[in-house]
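Below are the C-alpha coordinates for one structure; questions will follow.
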(Lines give C-alpha, C1' and ligand atoms only; values in the text may rest on other atoms or scores of the structure.)
Protein backbone atom coordinates (compact mmCIF):
# COMPACT_ATOMS: atom_id res chain seq x y z
CA UNK A 1 0.00 0.00 0.00
CA UNK A 2 1.33 3.41 -0.98
CA UNK A 3 0.02 6.96 -1.08
CA UNK A 4 -1.31 6.59 -4.61
CA UNK A 5 -2.92 3.18 -4.19
CA UNK A 6 -6.45 4.49 -3.69
CA UNK A 7 -6.17 6.48 -6.95
CA UNK A 8 -4.53 3.66 -8.89
CA UNK A 9 -7.21 3.55 -11.59
CA UNK A 10 -6.97 7.27 -12.16
CA UNK A 11 -3.17 7.08 -12.53
CA UNK A 12 -3.43 4.11 -14.87
CA UNK A 13 -5.92 6.01 -17.03
CA UNK A 14 -3.66 9.09 -17.16
CA UNK A 15 -0.58 7.00 -18.03
CA UNK A 16 -2.56 5.14 -20.71
CA UNK A 17 -3.44 8.52 -22.21
CA UNK A 18 0.23 9.60 -22.11
CA UNK A 19 1.19 6.33 -23.81
CA UNK A 20 -1.31 7.27 -26.53
CA UNK A 21 0.28 10.71 -26.85
CA UNK A 22 3.74 9.14 -27.29
CA UNK A 23 2.36 6.74 -29.91
CA UNK A 24 0.77 9.78 -31.57
CA UNK A 25 4.22 11.39 -31.65
CA UNK A 26 5.61 8.37 -33.50
CA UNK A 27 2.82 8.63 -36.06
CA UNK A 28 3.53 12.36 -36.48
CA UNK A 29 7.26 11.78 -37.06
CA UNK A 30 6.48 8.91 -39.42
CA UNK A 31 4.08 11.07 -41.45
CA UNK A 32 6.52 14.01 -41.63
CA UNK A 33 4.29 16.37 -39.69
CA UNK A 34 5.61 19.94 -39.27
CA UNK A 35 8.29 20.14 -36.51
CA UNK A 36 6.51 22.78 -34.43
CA UNK A 37 3.31 20.69 -34.26
CA UNK A 38 5.35 17.76 -32.97
CA UNK A 39 6.95 20.03 -30.36
CA UNK A 40 3.51 21.15 -29.16
CA UNK A 41 2.55 17.52 -28.62
CA UNK A 42 5.87 16.77 -26.86
CA UNK A 43 5.15 19.64 -24.45
CA UNK A 44 1.65 18.29 -23.80
CA UNK A 45 3.00 14.80 -22.99
CA UNK A 46 5.73 16.30 -20.78
CA UNK A 47 3.22 18.42 -18.88
CA UNK A 48 0.97 15.38 -18.37
CA UNK A 49 3.90 13.35 -17.01
CA UNK A 50 4.97 16.17 -14.70
CA UNK A 51 1.43 16.44 -13.40
CA UNK A 52 1.35 12.67 -12.66
CA UNK A 53 4.62 13.19 -10.75
CA UNK A 54 3.28 16.10 -8.69
CA UNK A 55 0.21 14.02 -7.81
CA UNK A 56 2.31 11.02 -6.72
CA UNK A 57 4.52 13.28 -4.65
CA UNK A 58 1.55 14.93 -2.93
CA UNK A 59 0.11 11.57 -1.93
CA UNK A 60 3.54 10.29 -0.91
CA UNK A 61 3.94 13.12 1.60
CA UNK A 62 0.27 12.97 2.66
CA UNK A 63 0.34 9.23 3.39
CA UNK A 64 3.75 7.51 3.41
CA UNK A 65 5.75 10.38 4.94
CA UNK A 66 2.94 11.30 7.38
CA UNK A 67 2.74 7.70 8.62
CA UNK A 68 6.48 7.57 9.11
CA UNK A 69 6.46 10.88 11.00
CA UNK A 70 3.89 9.47 13.41
CA UNK A 71 5.61 6.11 13.83
CA UNK A 72 9.29 6.17 12.94
CA UNK A 73 11.12 9.53 12.92
CA UNK A 74 14.33 8.12 11.41
CA UNK A 75 12.42 6.50 8.58
CA UNK A 76 10.54 9.79 8.11
CA UNK A 77 13.84 11.63 7.82
CA UNK A 78 15.07 9.23 5.14
CA UNK A 79 11.79 9.53 3.23
CA UNK A 80 11.86 13.33 3.24
CA UNK A 81 15.42 13.26 1.88
CA UNK A 82 14.27 10.88 -0.87
CA UNK A 83 11.30 13.11 -1.66
CA UNK A 84 13.57 16.15 -1.90
CA UNK A 85 15.88 14.31 -4.33
CA UNK A 86 12.80 13.40 -6.39
CA UNK A 87 11.64 17.03 -6.47
CA UNK A 88 15.14 18.07 -7.53
CA UNK A 89 15.04 15.62 -10.44
CA UNK A 90 11.59 16.86 -11.45
CA UNK A 91 12.56 20.53 -11.33
CA UNK A 92 15.61 19.78 -13.50
CA UNK A 93 13.81 17.64 -16.08
CA UNK B 1 10.55 17.18 -45.79
CA UNK B 2 11.41 18.73 -42.47
CA UNK B 3 14.55 19.28 -40.43
CA UNK B 4 14.21 15.93 -38.66
CA UNK B 5 13.38 13.83 -41.71
CA UNK B 6 16.90 12.49 -42.21
CA UNK B 7 16.96 11.30 -38.57
CA UNK B 8 13.45 9.89 -38.64
CA UNK B 9 14.52 6.36 -37.70
CA UNK B 10 16.49 7.63 -34.74
CA UNK B 11 13.51 9.69 -33.47
CA UNK B 12 11.14 6.75 -33.94
CA UNK B 13 13.49 4.52 -31.95
CA UNK B 14 13.72 7.07 -29.12
CA UNK B 15 9.95 7.58 -29.02
CA UNK B 16 9.43 3.81 -29.03
CA UNK B 17 11.72 3.60 -25.99
CA UNK B 18 9.76 6.40 -24.25
CA UNK B 19 6.52 4.52 -25.01
CA UNK B 20 8.13 1.54 -23.27
CA UNK B 21 9.02 3.70 -20.27
CA UNK B 22 5.42 4.92 -20.01
CA UNK B 23 4.13 1.34 -20.23
CA UNK B 24 6.68 0.46 -17.54
CA UNK B 25 5.16 3.21 -15.38
CA UNK B 26 1.72 1.62 -15.74
CA UNK B 27 3.14 -1.73 -14.65
CA UNK B 28 4.83 -0.07 -11.65
CA UNK B 29 1.60 1.64 -10.55
CA UNK B 30 -0.32 -1.58 -11.09
CA UNK B 31 2.14 -3.58 -8.99
CA UNK B 32 2.15 -0.98 -6.17
CA UNK B 33 5.82 -0.12 -6.57
CA UNK B 34 7.21 2.42 -4.08
CA UNK B 35 6.21 6.02 -5.01
CA UNK B 36 9.76 7.37 -5.19
CA UNK B 37 10.84 4.66 -7.66
CA UNK B 38 7.92 5.60 -9.89
CA UNK B 39 8.95 9.26 -9.66
CA UNK B 40 12.49 8.38 -10.76
CA UNK B 41 11.09 6.68 -13.84
CA UNK B 42 8.75 9.62 -14.55
CA UNK B 43 11.78 11.95 -14.48
CA UNK B 44 13.66 9.66 -16.87
CA UNK B 45 10.76 9.64 -19.35
CA UNK B 46 10.36 13.42 -19.05
CA UNK B 47 14.06 13.99 -19.67
CA UNK B 48 13.95 11.70 -22.70
CA UNK B 49 10.97 13.61 -24.12
CA UNK B 50 12.64 16.98 -23.51
CA UNK B 51 15.74 15.74 -25.25
CA UNK B 52 13.69 14.68 -28.30
CA UNK B 53 12.20 18.19 -28.28
CA UNK B 54 15.60 19.91 -28.13
CA UNK B 55 16.78 17.74 -31.04
CA UNK B 56 13.73 18.57 -33.16
CA UNK B 57 14.14 22.25 -32.40
CA UNK B 58 17.84 22.21 -33.36
CA UNK B 59 17.08 20.64 -36.71
CA UNK B 60 14.11 22.93 -37.26
CA UNK B 61 16.34 26.01 -36.95
CA UNK B 62 19.21 24.38 -38.86
CA UNK B 63 17.06 23.40 -41.85
CA UNK B 64 13.52 24.83 -41.99
CA UNK B 65 14.32 28.27 -40.54
CA UNK B 66 17.63 28.53 -42.41
CA UNK B 67 15.91 27.78 -45.72
CA UNK B 68 13.27 30.38 -45.01
CA UNK B 69 15.92 32.98 -44.11
CA UNK B 70 17.60 32.40 -47.46
CA UNK B 71 14.37 32.40 -49.47
CA UNK B 72 11.51 34.12 -47.72
CA UNK B 73 12.29 36.62 -44.93
CA UNK B 74 8.63 37.03 -43.88
CA UNK B 75 8.16 33.29 -43.60
CA UNK B 76 11.43 33.12 -41.62
CA UNK B 77 10.10 35.73 -39.22
CA UNK B 78 6.92 33.75 -38.65
CA UNK B 79 8.90 30.53 -38.12
CA UNK B 80 11.23 32.12 -35.55
CA UNK B 81 8.20 33.42 -33.62
CA UNK B 82 6.72 29.89 -33.68
CA UNK B 83 10.02 28.40 -32.52
CA UNK B 84 10.21 30.89 -29.64
CA UNK B 85 6.66 29.97 -28.54
CA UNK B 86 7.72 26.29 -28.67
CA UNK B 87 10.81 26.99 -26.53
CA UNK B 88 8.60 28.87 -24.06
CA UNK B 89 6.28 25.88 -23.76
CA UNK B 90 9.27 23.54 -23.28
CA UNK B 91 10.87 25.70 -20.61
CA UNK B 92 7.57 25.84 -18.73
CA UNK B 93 6.80 22.13 -18.96
CA UNK C 1 10.32 30.14 13.52
CA UNK C 2 10.21 28.23 10.27
CA UNK C 3 11.99 25.26 8.75
CA UNK C 4 14.76 27.37 7.26
CA UNK C 5 15.40 29.57 10.32
CA UNK C 6 18.41 27.65 11.55
CA UNK C 7 20.05 28.01 8.10
CA UNK C 8 19.09 31.66 7.66
CA UNK C 9 22.67 32.87 7.23
CA UNK C 10 23.35 30.28 4.57
CA UNK C 11 20.21 31.28 2.63
CA UNK C 12 21.04 34.96 2.94
CA UNK C 13 24.54 34.29 1.60
CA UNK C 14 23.16 32.31 -1.35
CA UNK C 15 20.57 34.98 -2.17
CA UNK C 16 23.23 37.69 -1.92
CA UNK C 17 25.29 35.72 -4.47
CA UNK C 18 22.23 35.41 -6.77
CA UNK C 19 21.68 39.18 -6.45
CA UNK C 20 25.29 39.57 -7.59
CA UNK C 21 24.63 37.28 -10.57
CA UNK C 22 21.60 39.37 -11.58
CA UNK C 23 23.63 42.57 -11.28
CA UNK C 24 26.31 40.86 -13.38
CA UNK C 25 23.64 40.21 -16.00
CA UNK C 26 22.80 43.91 -16.13
CA UNK C 27 26.48 44.72 -16.66
CA UNK C 28 26.68 42.12 -19.43
CA UNK C 29 23.64 43.54 -21.24
CA UNK C 30 24.95 47.07 -20.77
CA UNK C 31 28.37 46.14 -22.23
CA UNK C 32 26.82 44.30 -25.21
CA UNK C 33 28.22 40.92 -24.25
CA UNK C 34 27.47 38.06 -26.67
CA UNK C 35 23.87 36.74 -26.25
CA UNK C 36 24.86 33.14 -25.55
CA UNK C 37 27.20 34.16 -22.72
CA UNK C 38 24.34 36.08 -21.11
CA UNK C 39 22.09 33.03 -21.48
CA UNK C 40 24.68 30.87 -19.71
CA UNK C 41 24.66 33.28 -16.78
CA UNK C 42 20.82 33.40 -16.76
CA UNK C 43 20.78 29.59 -16.50
CA UNK C 44 23.27 29.70 -13.63
CA UNK C 45 21.14 32.22 -11.70
CA UNK C 46 17.97 30.22 -12.40
CA UNK C 47 19.58 27.01 -11.19
CA UNK C 48 20.80 28.76 -8.03
CA UNK C 49 17.28 30.07 -7.34
CA UNK C 50 15.72 26.65 -7.93
CA UNK C 51 18.21 25.11 -5.57
CA UNK C 52 17.29 27.64 -2.85
CA UNK C 53 13.65 26.67 -3.44
CA UNK C 54 14.32 22.94 -3.13
CA UNK C 55 16.21 23.57 0.13
CA UNK C 56 13.38 25.67 1.58
CA UNK C 57 10.85 23.03 0.59
CA UNK C 58 12.88 20.24 2.18
CA UNK C 59 13.08 22.09 5.46
CA UNK C 60 9.43 23.08 5.27
CA UNK C 61 8.35 19.43 5.08
CA UNK C 62 10.99 18.34 7.61
CA UNK C 63 9.98 20.88 10.25
CA UNK C 64 6.73 22.82 9.65
CA UNK C 65 4.75 19.97 8.05
CA UNK C 66 6.17 17.36 10.45
CA UNK C 67 5.15 19.48 13.44
CA UNK C 68 1.66 19.91 12.07
CA UNK C 69 1.33 16.17 11.41
CA UNK C 70 2.18 15.49 15.05
CA UNK C 71 -0.08 18.21 16.45
CA UNK C 72 -2.82 19.27 14.07
CA UNK C 73 -3.83 16.91 11.22
CA UNK C 74 -6.14 19.45 9.53
CA UNK C 75 -3.39 22.05 9.52
CA UNK C 76 -0.99 19.41 8.17
CA UNK C 77 -3.39 18.67 5.34
CA UNK C 78 -3.59 22.32 4.39
CA UNK C 79 0.20 22.66 4.52
CA UNK C 80 0.77 19.65 2.28
CA UNK C 81 -1.68 21.07 -0.27
CA UNK C 82 0.23 24.38 -0.16
CA UNK C 83 3.56 22.57 -0.57
CA UNK C 84 2.20 20.67 -3.58
CA UNK C 85 1.05 23.93 -5.20
CA UNK C 86 4.55 25.34 -4.57
CA UNK C 87 6.19 22.28 -6.19
CA UNK C 88 3.85 22.66 -9.15
CA UNK C 89 4.90 26.29 -9.61
CA UNK C 90 8.59 25.31 -9.34
CA UNK C 91 8.30 22.49 -11.87
CA UNK C 92 6.59 24.86 -14.31
CA UNK C 93 9.00 27.75 -13.90
CA UNK D 1 25.85 44.87 -31.74
CA UNK D 2 23.77 41.84 -30.85
CA UNK D 3 20.19 40.74 -31.28
CA UNK D 4 19.08 42.32 -28.02
CA UNK D 5 20.90 45.63 -28.42
CA UNK D 6 17.87 47.57 -29.64
CA UNK D 7 15.89 46.42 -26.57
CA UNK D 8 18.75 47.00 -24.12
CA UNK D 9 16.78 49.44 -21.94
CA UNK D 10 13.87 47.02 -21.67
CA UNK D 11 16.19 44.15 -20.62
CA UNK D 12 17.97 46.37 -18.10
CA UNK D 13 14.63 47.37 -16.60
CA UNK D 14 13.50 43.74 -16.34
CA UNK D 15 16.81 42.66 -14.77
CA UNK D 16 16.63 45.60 -12.32
CA UNK D 17 13.16 44.35 -11.30
CA UNK D 18 14.49 40.79 -10.85
CA UNK D 19 17.33 42.19 -8.73
CA UNK D 20 14.64 43.83 -6.59
CA UNK D 21 12.80 40.50 -6.29
CA UNK D 22 15.99 38.78 -5.12
CA UNK D 23 16.59 41.54 -2.58
CA UNK D 24 12.98 41.10 -1.49
CA UNK D 25 13.73 37.41 -0.95
CA UNK D 26 16.60 38.31 1.37
CA UNK D 27 14.28 40.57 3.36
CA UNK D 28 11.69 37.78 3.57
CA UNK D 29 14.25 35.24 4.84
CA UNK D 30 15.64 37.82 7.26
CA UNK D 31 12.15 38.58 8.64
CA UNK D 32 11.25 34.88 8.99
CA UNK D 33 8.40 35.04 6.48
CA UNK D 34 6.43 31.79 6.00
CA UNK D 35 8.34 29.30 3.76
CA UNK D 36 5.59 28.93 1.17
CA UNK D 37 5.37 32.70 0.61
CA UNK D 38 9.11 32.77 -0.02
CA UNK D 39 8.73 29.89 -2.50
CA UNK D 40 6.04 31.82 -4.38
CA UNK D 41 8.44 34.75 -4.76
CA UNK D 42 11.29 32.41 -5.83
CA UNK D 43 9.03 31.02 -8.59
CA UNK D 44 8.15 34.55 -9.71
CA UNK D 45 11.84 35.53 -9.96
CA UNK D 46 12.68 32.27 -11.77
CA UNK D 47 9.87 32.79 -14.28
CA UNK D 48 11.02 36.38 -14.89
CA UNK D 49 14.59 35.17 -15.52
CA UNK D 50 13.40 32.41 -17.88
CA UNK D 51 11.34 34.93 -19.78
CA UNK D 52 14.39 37.21 -20.20
CA UNK D 53 16.25 34.16 -21.53
CA UNK D 54 13.53 33.26 -24.04
CA UNK D 55 13.53 36.88 -25.26
CA UNK D 56 17.32 36.94 -25.68
CA UNK D 57 17.20 33.65 -27.54
CA UNK D 58 14.46 34.84 -29.89
CA UNK D 59 16.46 37.92 -30.83
CA UNK D 60 19.67 35.91 -31.12
CA UNK D 61 18.10 33.66 -33.78
CA UNK D 62 16.26 36.54 -35.44
CA UNK D 63 19.38 38.70 -35.82
CA UNK D 64 22.75 37.06 -35.08
CA UNK D 65 21.93 33.61 -36.49
CA UNK D 66 19.99 35.05 -39.44
CA UNK D 67 22.92 37.27 -40.37
CA UNK D 68 25.31 34.36 -40.17
CA UNK D 69 23.03 32.19 -42.35
CA UNK D 70 23.06 34.89 -45.02
CA UNK D 71 26.81 35.52 -44.84
CA UNK D 72 28.75 32.66 -43.32
CA UNK D 73 27.16 29.17 -43.28
CA UNK D 74 29.91 27.63 -41.10
CA UNK D 75 29.56 30.38 -38.52
CA UNK D 76 25.76 29.88 -38.67
CA UNK D 77 26.20 26.20 -37.96
CA UNK D 78 28.34 26.91 -34.91
CA UNK D 79 25.85 29.50 -33.64
CA UNK D 80 22.88 27.13 -33.97
CA UNK D 81 24.80 24.49 -32.02
CA UNK D 82 25.50 27.07 -29.31
CA UNK D 83 21.85 28.14 -29.24
CA UNK D 84 20.75 24.51 -28.87
CA UNK D 85 23.12 24.02 -25.93
CA UNK D 86 21.67 27.19 -24.37
CA UNK D 87 18.09 25.89 -24.83
CA UNK D 88 19.14 22.60 -23.25
CA UNK D 89 20.51 24.43 -20.21
CA UNK D 90 17.32 26.49 -19.94
CA UNK D 91 15.03 23.48 -20.21
CA UNK D 92 17.03 21.74 -17.47
CA UNK D 93 17.17 24.69 -15.09
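Going in written order, the chains are labelled A, B, C and D, and every chain counts its residues from 1.
Throughout what follows, contacts are C-beta pairs under 8 Å (C-beta built on N, C-alpha and C of every residue); 3 or more make two chains touch, one makes a residue touch a chain.
It should be emphasised that the depicted structure is a prediction, and the values quoted were computed from it without experimental measurement.
Novice: Look at interface A-C and say which pair in B-D, C-D or B-C is its repeat, using the rule that over half of the contact pairs are identical by residue number.
Specialist: Repeated interface of A-C: B-D.
Novice: Report which of A-D and A-B is connected by more C-beta pairs in contact.
Specialist: Here the pair linked by more C-beta pairs in contact is A-B.
Novice: I'd like to verify one number: the distance from the centre of chain A to the centre of chain D, where each centre is the average of its C-alpha atoms, in whole angstrom.
Specialist: Inter-chain centre distance comes to 28 Å.
Novice: Can you work out the whole-Å distance between the CA centroids of chain B and chain D?
Specialist: Here the centre of chain D sits 21 Å away from the centre of chain B.
Novice: State, to the nearest whole Å, the distance from the C-alpha centre of chain A to the C-alpha centre of chain B.
Specialist: Inter-chain centre distance comes to 17 Å.
Novice: Note the residues in chain D that touch 2 or more other chains, in rising order.
Specialist: Residues 50, 53, 57, 83, 90, 92-93.
Novice: Using the touch rule from the top, collect the residues of chain C that touch chain A in their complex.
Specialist: That would be residues 50, 53-54, 57-58, 61-62, 65-66, 69-70, 76-77, 80-81, 83-84, 87-88, 90-92 of chain C.
Novice: Please name which positions on chain A make contact with chain D in the complex.
Specialist: Checking each residue of chain A against chain D gives 92-93.
Novice: For chain C, which residues count as touching chain D in their complex?
Specialist: Going through chain C, the ones touching chain D are 1-5, 8, 11-12, 15-16, 18-19, 22-23, 25-26, 29-30, 32-36, 38-40, 42-43, 45-47, 49-50, 52-53, 56-57, 59-60, 64, 79, 82-83, 86, 89-90, 93.
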